[in-house]
Structures are given as structure tokens and as C-alpha cells.
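Take a look at these structures.
In what comes next, chain A is part of two complexes: it sits with chain B in the first one and with chain C in the second one.
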Partner chain A sequence: MKSWRVVLAFLLILIFSGSVLLSGCSSKTKQESTQPQQTTQEAKNKNFKVGLVTDVGGINDHSFNQMAYEGLQRAAKELGVTVNVIQSKKMEDYVPNLTNLAQQGYDLVIAVGFMMHDATEEVSQKFPNTKFMIIDSEITDKPNVASAMFKTEQCGYLVGAMAGLVEKEKVGKVKGTNTIGVVGGMQIPPVDSFIAGYQQGAKAVNPGIKIIVNYTNSFTDPAAGKQMALTEISQGAEIIFQVAGGTGDGVIRAAQEKNVYAIGVDADQSYLAPDHVLTSAVKRVDVATFDIIKDTLEGKFKSGIVYFDLKNNGVGIGKVNKDVPKSIIDKVNQLAQDIINGKIQVSDKISK
Partner chain B sequence: MKEIFLNPQLWAATLAMATPLALPALGGTFSERSGVVNIAMEGIMLIAAFFAVVFAHMTGSAWIGLSGAMIVGLIVALVFAWAAVSLTANQIILGMAINIFASGITAYLLNAMYGFTGTPVDTPMLPTVAIPGIKSIPFLGQILSGHSVIVYLMIIILFAADYFLFHTNLGLRLRSVGENPEAAETAGINVIKLRYLGVALSGILSAMGGAYLSIGALNSFNPDMTSGRGYIALAAMIFGKWTPFGSFGAALLFGFATALSMQLQNTAFSKNIIMMLPYILTILALVGVGGKSVPPAADGVPYTPKK
Partner chain C sequence: MKSILKELYIPVVAVLIAIIIGSIIMMVTGFNPVIAYISLFLGAFGNVNNIANTLAAAVPLILTGLGVAISFKAGLFNIGAEGQYWIGAIVGVWIGYSFTGLPWYIHIPFALVAAMIAGGLWAGLIPGLAKAYTGANEVITTMMMSYIAIYFSHFLLEFGPMMDKSGTIPQSPVINDSAVIPFLIRNTQLSYGIFIALVAAIFVYWLMFKTTWGFEMRAVGYNQKAARYAGMNVPLNMVLSLGLSGAFAGLAGAVQMLGVQHRLYDSFTSGYGYTAIVVALLANNNPIGVIFAAILFAALGTGSQYMQLNAQVPGQMADVITGLIVFFVAAYRIAEVIKDRLAKRQKKEVKA
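Right, the complex of A and B next:
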């Protein structure tokens, strides 16, 4: 029996190391074959190593992790920098994953998401010579950390206004309950800023509108997202804005089944259900990731907060459903102009 | 308050949220009644959820997706049984290893096979069933009709499980192996074989629960989409005193707590307190509010045949 135990121990070690390795290297970018006559600039860029650590959503979240990854891929392609991705499986992985990249001498380490705030503060302190970038969270007191912040209340405002107008004019699948909903992932600032804008935008064009706001408390539970959306639909909601990462896939599914509209978030999610996605509140995490990689490569790294908003194309709206008439789209575009000009101020604080 | 309970969606959501708990809870009942604690159900659900999408998309048939997922679940369960039963390994450590492995391998395969845009949007879903007669009854029809076919399969399995465990010879033998394997062996029962059977059934049923999440409720796979349901199913099984109907009842209760928390969020209660409901219930279940639960006497204890 003893020999069996040894076999089993080896098996377990294999499984453990296998899964760690797999999740570690899952998306290591393949390097193109080295060209013989490299200019020094190319060689320099190639030696510039950028590591990205996703939060628990992983890069298939159809959402901000995915977009950060796209920005990273674009940097690898257009700038020729060396890139690597580590996907975090649980919150306890954040510190080891960030440390891992910093220790390996990465020039820029990107932490994707608000939930990595504490981990980034801790690790950036230990590696003062490594540059860090965090998305969605404000770290201002570290000379080696840049924070990319998105004025998502602005794109939230635009999709809210569109939803308000669609309800008011009873467009397409809308029957006129004058009720819209939101399914949020967690009650945290980067989620609530979208919702705050949505509320203000909808109320601005349709003061009598009712807005149901719920949270699923998870970004990775589409089954719960679906039931939450069905619950809101049963309470009269005809357009549901999902701000819930992977959980939001269930919201879009519910909208398809009940023939109402969903609004996508972060990425342009129209492709998930072209007939039932009204539009998407797009947060260009890819643009932010690419821009900061480029700046750092060119020696223009700036610590502190870098804002991305409508003006610099850091946020915006995605593909609009074919049911929406041009008059509504024009109005929404006008509102976008007003926000850019400062005529409309959008708050990121949610109202009860 | 009244309109919340009169909203059929509350009860429909209860059933929908109970199903992915009830299936692994029924599976766990078989496994633990035979004397094996299978906490790998969480991982088996996750792997099955993934392969359900893979097979469904590859063949264009959600039914093949479901069958494929059940076969994959069976294979993982057999690996678990081999190590836990034949090699008498620690069942808890082994289960955790499989759960961690499942989380890693599914995330890896998802990227390797489908890239970062996720599983294909044209993945077929299992059909929903409109029950003739019942579907036109107001209120009741909206609650009981129109669910995924897995919900109704689960009800059939529930009755079959109870019949098998408590009304057949094989069921009696399975239970005896979990209570007193020495005595069972003396009576000429093959302890190892029956424990394999218990674990295999738990693997198949957990896999159905996983497939329900990916191709029953939706048509996509997301990393870690099981969200700990395999563990909550274990709590439901304990709350249900290791019986099929008890496990189902407990799963319904957890489903109800989740559905209620969804309905109550927009009322005057604090959202954060409301969202704790299902978890508070889990803790209450585990500290034994539903009366004393006595596990099978040899539950979790590996057995080495005497001859």
C-alpha cells in the first residue's frame, strides 16, 4: 500500500503544479521569430517587459479584464514590447501574482481592477524601481504608481438617456411601463459610477421614470444575474443595464428570453445578442492600457491619476440597436457634446 | 410585502436557483451514504459546465453537450474514487486538489480553445419545457412551467434516488457500506465496488448541475461560474440529513433565500443585510438548527478490505 501512497503524492503534486503553471502561462504571448537585423529601438522595445494581472473575473469576462488584455496585445503588436498575463483565481492571489512579475524584473506591472487596490499599494512599496499601473482605483501617494480612472458616469449618463428616451417614445420592444433596471455586480465605486450616470441621464430626459437598482454580489455568477434580471423584468423593467462583468451574461440572456432590452457594459457587447442589446456603456480600458504602456516606454510615465473620459475617448457608447430611431441617437450625441463642453456635469454618486 | 410573495417570479426563481444545488446535493447523498465525502463536487460541476458547452457547440446539440458533460463528470469522479477508495487517500485534501485543478484547467482551456471573447454565442441551449395543462393555470403555471428540462429531470431523479436508496437491495447495501463496512464485508458485500458506485453517481449528478448552469440557464461558460454551489450543496445535504427529499427541501430553502434576497433589495431593508440571507441560512443549517443530523457512521473513513 505504501508505494501507492507515493504514486498518489506524485499525482497530487503533478495536478497542483499543473494547475498553477496552466493558470500562470495560460496566455503568454508567443514571440515572433527574432529578425536578424534588429534596430536598437526594436531591441529596446523588446526588452521592455509589461506584465498584466487580471482580477478574479479573468480575461474572458467580456468586460474590463478582456479589454485590458486587448490593450496589452495591441502594445505587443504595435510597439513590440514583451508582454505576459497572469490570471488571478482568487483574491488572495493578487499579492503573489503582482510580486511574481515585479521580482522577474518587469518594467511595468498592470493591476486590473478596483479590487486590487490594497495589493498594488503593498507590492509597489516593496518594488520602488518597478512601475505599476492600476485600473479603476486611486493611488496617489506612490511615485511609481499610475492610476487610470474612467469617468464612467459620463457613458452611464448617455445610455441612461437613451433608455429614458426609448421608454418615453415606446420604441421597439418597449411597451411603456416607464420602468428600467440595473443589475450591478458589487456595490463598489467603479460599478456605482456607471449606475449614478444612468440614473441622472434617464431622469434628465424622462423625469417620471422608475429605476430599479439591484446587486448580485458576484462578478462570476451568470445564473444569479439571469434570475436577478428576470426579477426586475417581473417588476416591470423593460431595459436592464448590466454592470456586473461575467454575471452580466445572464442578464443579457434574460433579456433575450423575455424579449426586452439589455445594455452592455465596459466592452461593446452588441455581438452577444444583436437584437436585444440596446447599446453598451463602453469603458475603453484597452485605450488606457495601451496609452500608459506607450507613455512608460517613451519615458513619459506619470504617477498619480490619469483620467479617461468622453473628451479623450476613454469612455463612450457602443453599437446602437437597429430599433432606435435616428432622432434619439442625435439627442444622445448632443448630450455627449454638452458633457464634453462642460454644459452638463455628471455626478458619480448614486442616488437612493 | 404582499406583492413580493404574490410575484410568481419569486417562486420560479426559487426553483431555478435550487436546481443547481439539489443535483449535487442528491449526488452527495449517494457518495456519503456509501462512506465517501466528496467535496470535489464543486470542481466536477465546473469541469462539466465547461465541457457541456464544448460538446454542445461542437456537435450543435445541447443533448450531446449534457451527455458529454455527464461522462466527463463520471471520469473525474472515478479518478477521485480511485484515489479516495482504492488508495485510501484523505478525501478532503483530494477533493480540494480537484477543485483547484478544475478552476485552473477550465480557465486555461477556455482561453486555449475560444480565445478571450469567451465561448461562442451560437452555442445551443437545452430546451425549456412548457407543461401542457399546467402552463395555462394563472400563477401556478408561471411558477412550474417553462423551466429548463434539467429542472424536471431533477424532480424525476429525486424520486428515483429515494426509491433506490431506501427501497432496493442495492440501496440497502450502499448504505450499509457507509455505516459499517466491516460488517458489510463480512456479509459478503464488496465495499470498494459500492463506494465507487456512490462516488460515480455523485459525479454524474454534479455534472448535470454544472451543465444546468452553462447550457440550461445560459449558453455560455464563464470562469468559476459555479460560484461555490458544490459546497452549498454539501450544506444542503447535511441539512437534509443525508436523504434525497431532505436534500431537495434544503436546496429549495437556499433557493428561496436567494430569490427572496433578489426581491427584497428594492425595499427599505439594507441591501447588504438582504444579500447575506442565503449564507446566514447555510450557517444555521450547519450548526444544526434543523435538528441533529447524524452522518453515516463510516462517512469519510477510508476502508481497506480485510482479505
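Right, the complex of A and C next:
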């Protein structure tokens, strides 16, 4: 027993002395690096601090948390601003995390996702001198909050048009049932805007096309997504657009299994199944994050809703499957131009 | 006095060893453990706000921890505190927003008591009766009832009867002001709920150690056959102790809703019901010990968010330390068991 205690004491001493030494070194190097403080632009940017709070999904969610993080990293690299990330472990962490960043003098605090709506509203009120940005949720009545919203009906329109054209010209794996499908996560506006665009785009190039729309009522259930996709395939769907987050992984797997096409969402999902993903309707959360950091740094922060669309690269289409001929890609690019020019207006309301 | 020291010895040593191993891991992975632990400590107790947030995070852990400790004392393994928490939260929020015109001194107790009854029935009715009269393993039944409760909340919130009709986000309406447990310290998450938790701990201590009923429950826990022989109603005590256990987990859900969140969000898990098991284990099922164990784990939680921010140590490091603490507490108990066995064998050999 006694010898055990001696060993313990030794261990303690060893570790603490070691770490004190280490901390001495590191604090020294820190001092040196901050000493030459000049009034250059670089130093000014370095003093600009951006904090990002993820929702409970964490930064490896293959979706908006991850993309926001990528945007933040790009800002650190290209603009030289100081960045920091806190990953929330539970919903009760949102308010303290946002508060901590604001309290420590961060110039811009980014909240990722609609789940943080209430927390952002609450904290932004307490810190009127700190700028906040929230992704995917509308906060319009605070002078220090910018809401990044995405015109996803526009990229939905483009992938819909591509699906319509692929059906019309019977490209690759398509046999000509002239039927396409959608698997949605929930019947909520952020999902329906994608679907609305998809319907309009497909109908615009292929008026006779049949579009099957179903919802799984979950964003985290790949098995349900797969089941729904298999049902739609049995009803003749040859291209299925998934707007269902994690549930959508199952849709892509079903397409692979039955040798039809799937269309990815949010991120470029071509890598999940290169032969079977036709393209992806991409929502560039990374672009939005970077742009708002840059604007805020340059003193051009705008409160209220900031829209991201085709024009400012906030939405777009991902990598296109190799089966798709150039003529179709050209047509889709032309439609994108028409949307940017305002020749085509895409509604975000679904048609029944 | 000596017995208190003995009770403290195991958890304190477990925590110390966990911290030491944690610092070795940090040094190996290139972080400075001293800075990390200092920021962990400052994040948990550095100023009034942080102390308040730590105590706020401890409230649901104290209450669910008490629930689990009661069942452990009675020899039953209620693993489903998470589900009972959800049921309590659902009932608390529902009463919170659907009854108007009640004064606070009726509305709050009404919601809390209803949540306790609901949580108690959730644990006592099906798992309790099944255990008492058919011998169905309560580890499995309480766990499965947890999933039912969690999925039930999804049903209610995702376009179900409890979803806030004014928006499209899956969350309940906000509770009425008369049901809000007020905040104790402004700009923090600490509400008067902390007093409910402390009173509950003292009450459970009194109940378990100073009343006949508590004695009976403990007796059933020590040795069922002896308890039956002594004329105690074993099945009844099983149902009651599981019910009581669930009641405190349900209370935790309601206190969290009325005091902190004010509405029910759609999320898969709060995590409290699972951490509660660890809290009860570290406290050796002592209701007063539960308070301190809950504060420790709450401090690790709030501190780790701060540690991410100020020492750039990933928040998962706190999870590693939590895991190590659990491991060493459990390891000590395993060592005790082995020591017992060895001692018995030696005795036998001596006799032989």
C-alpha cells in the first residue's frame, strides 16, 4: 500500500513539473510571436476574432456544420483572421457557448443551424456590440444579427431540369418511364424549396414528366430512406432526388442497388456513389460563412436576411455524372444563366 | 468521520488517477495539460456566471442521479432514466403551455407533480410490475421503455399534436410565464430549480435511511430472500422503488423544461439519463454524494466547452476523463470483488 502511494506521488510530481516546463516554453513563444505588433492590415485582421458554435451535429456531420467549418478555415487562411470553434454537446450548451464567445470579445459569432434560433436571439440581445450570424434561420429584428438564407429552389430547378432532360433523351441507365422521384426528410420549407424548384425545372424541359414526392419524416434514418426509394423505384422512378440529410444516404444506396440514378443534396455527394449520383443540389454554407466573415471584416456587415443564390455562388450544382452528355450540361448552364439574369423566376412553393 | 473518509477515498482516488492519465494523453497528443486543466477549472468555476452554469447543468444530473441511486439501492438497475426524463419533460411542457390563467404557485407544482407521476408510472408500471410478478429483467425493460419515450417525443413534435403551430421547426410552444421557474442569476441558466434538486437530495436521504419504507427497500436490495423471510412485501417494494426512481427522473425533465429550456426541442437524447448512472455509481448511491458527483460531471461538461475555446483542446478530452473516472470507480469495485473471492478461497483452502 505504502509503495503504491510513493509511486503515485512520483507520477504526480513528474507530470506537473513536466507540464509546467512545457507551459513555460509555450507561453514564451506566444509572447515573441505577438510582440511585433504593427498597425498593418495583417495585424488588424489577426485581431479580428471569429467564433463558430456548431449544433449537436459536430464538425464531422458531412453537412452544414462541416461546411461552415470549412468556410471558417478558409477565412483563417485567406484573410488571416483569428478563428475558434466550439462544438456543442447538448442543446443546453448553445446559450453558454455563444455567451462565452461574445464575452471574450469575439467580433463575429457564428451559430450554425436553425436549432440555435432561440439561443442566438437571446444572446444577441445581451451583447448588442457583438455581431452574430446564423445559418438557415431567419432573425430579422436584431440590428446585430445576419441570417444566411439559401435560395435552394434555384439549384433544385437546375437538378430538376437535368433529370427532366436525362429522362427525355433516355441517357445512360434511364429506360424511359418518364418518371422521377423525390425523398424528402420533412415537409418543412427548407426541404420544400428544393422540391419546388425540382418540380418546376423538370416540368419546364419535359412537360409530360411524372414526379413522385414522399417524405420519411426523419433526417437520420437511412433505412427509412432506402425503403422509400425502393418503393418509388418500383413505381417506375428512374432518378430520385434526396432532400433528407442522413436519411438520404439510404436513397443513394437504393439507387446503387437497383441501378438507377440519385441526386445528392446540400454537399456534393458524388463521392458516395460516383456511378449512380447524377449530380447534387449544392447549398454552399462554406461560401456563405466566408462571405459574411469577409464583409464583417471590411465593415460591410448587413443585419437581417442575406440571401445566397446562383448569382453569388451560394447555391449551385455539384459534380455531374459521366453519363450525362455535354449537350444537356450546356442546356442546364443556360438555364442557370437565365435564372441569374432574371429571365426565369423560380418559386419556393411546392405545387400539388 | 472515519466512514465518511472511507466513502470519499474511492471516488477521489478514481478522479485523481483519471486526471493524471488524462494529462498523459494530452501531453502525448501535443496539448499542455496544465493550461487545459486551468481552463477547464476556470470554465467550470472561474466566475459567478460559470459557477452558475455549472450548477445549472448539475440540476438535472442531481435529480436523475437520485432516481438511479434509489433503484440501485433497492437492487434494481434502472437504466432507463433517460426515457423517464423525457416523459417528465413532455408532461411538464404540456402542462406548462396548455393551462392558462393559473397563478405560478399552482401552475409550477402542478406541472412538477404531474411529471413525477408520469415518470413514476413509466418506470413503475410496466418495468416494475413485470419485474415483480414475472421476473422480467428491468435492465432491458427500462431501456426499451426509454426508446419508446424518445420516439414518442419525436411523434409529438414532428408534425404531431405538440408541435408549435406558428412555425415549421419541430419544437413545442413556449410554456406560459406562470409555469416558468425564474432564473436565480440573470444571464445564466441557473434557476431556482437548484433548490428543488437540493431539497430532493435531502428528502431521498431521509427517505432511504430514516424511514421504515426506505429500510425495506434497502433490505430488498441487500437480500430478497431475507427480506421476504422477515415479512416484507418484496414485489410491492420493487414496484415502489422503481416508481420512485422514475418519479425523480421525471422531475428532472420537468425542472429542466420549466427552468431552463421553456420548450421541448426535437432531439434524440439529453444524455442526462445515462450520465445519471455514472453519477450514482461515483456517489456509491448516497443521495448527498449524488450532489457532489453531479456537480463534478457538470463541471467537466461546462469546463470542457471553455477548454475548447481557450486551450484549443477538443471537448472530447473531457469525455475521455469522464470515461476514465467511470473506469477506475468500476475497476475499484471489480478489485473488491476479486479480493473477496480470493479471501474466501484462501479460507476454504485453510479449512481443507
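The rule we apply is simple: the second predicted complex is superposed on the first by the 282 of 352 C-alpha atoms of A that agree within 3 Å, B and C clash if a C-alpha of one lies under 4 Å from a C-alpha of the other, contacts with A are read in each partner's own complex, and residues count from 1 in each chain.
One rule holds for everything that comes next: a contact is a pair of C-beta atoms (placed from the backbone, for glycine too) under 8 Å apart; a residue touches a chain by one contact, two chains touch by 3 or more.
Keep in mind it's a predicted model, so treat the numbers as computed, not measured.
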{"item": "In the superposition, chain B vs chain C on chain A residues touched", "value": "B"}
{"item": "Which of chain B and chain C A:187 touches, first, second, both or neither", "value": "both"}
{"item": "Partner chain(s) touched by A:249 [first = chain B, second = chain C, both, neither]", "value": "first"}
{"item": "Which superposed partner A:272 touches (first chain B, second chain C, both, neither)", "value": "first"}
{"item": "Touching partner for A:93 - first (chain B), second (chain C), both, neither", "value": "second"}
{"item": "Chain B versus chain C as contact partner of A:56, first or second or both or neither", "value": "both"}
{"item": "Partner chain in contact with A:101 - chain B first, chain C second, else both or neither", "value": "second"}
{"item": "Partner chain(s) touched by A:212 [first = chain B, second = chain C, both, neither]", "value": "first"}
{"item": "Which superposed partner A:66 touches (first chain B, second chain C, both, neither)", "value": "first"}
{"item": "Partner chain in contact with A:228 - chain B first, chain C second, else both or neither", "value": "first"}
{"item": "Doubly contacted chain A residues - partners chain C and chain B", "value": "11-12, 15-16, 18-20, 22-23, 26, 56, 87, 89, 187, 217-218, 220"}
{"item": "Sites on chain A touched by chain C in the complex", "value": "11-12, 15-16, 18-20, 22-23, 26, 51, 56, 84-93, 95-97, 99-101, 104, 114-115, 117-118, 126, 186-189, 217-218, 220"}
{"item": "Chain C - residues contacting chain A, complex", "value": "20, 23-24, 27, 32-35, 49, 53, 56-57, 154, 158-159, 168-170, 187, 189, 256, 260-261, 263, 265, 267-268, 270-271, 301-302, 304-306, 308-309, 312, 314-315"}
{"item": "Chain B residues within the chain A interface of the complex", "value": "7-10, 12-13, 16-17, 20, 83, 86-89, 93-94, 97-98, 100-101, 103-105, 107-108, 110-112, 114, 116-118, 121, 213, 217-220, 222-225, 227, 258-259, 262-263, 265-266, 271-272, 275, 304"}
{"item": "Chain B-facing residues of chain A, complex", "value": "1, 4-5, 7-8, 11-12, 15-16, 18-20, 22-23, 26-27, 56-62, 66, 69-70, 87, 89, 187, 212-215, 217-218, 220-224, 226-228, 230-231, 233-235, 246, 249-250, 253, 271-273"}
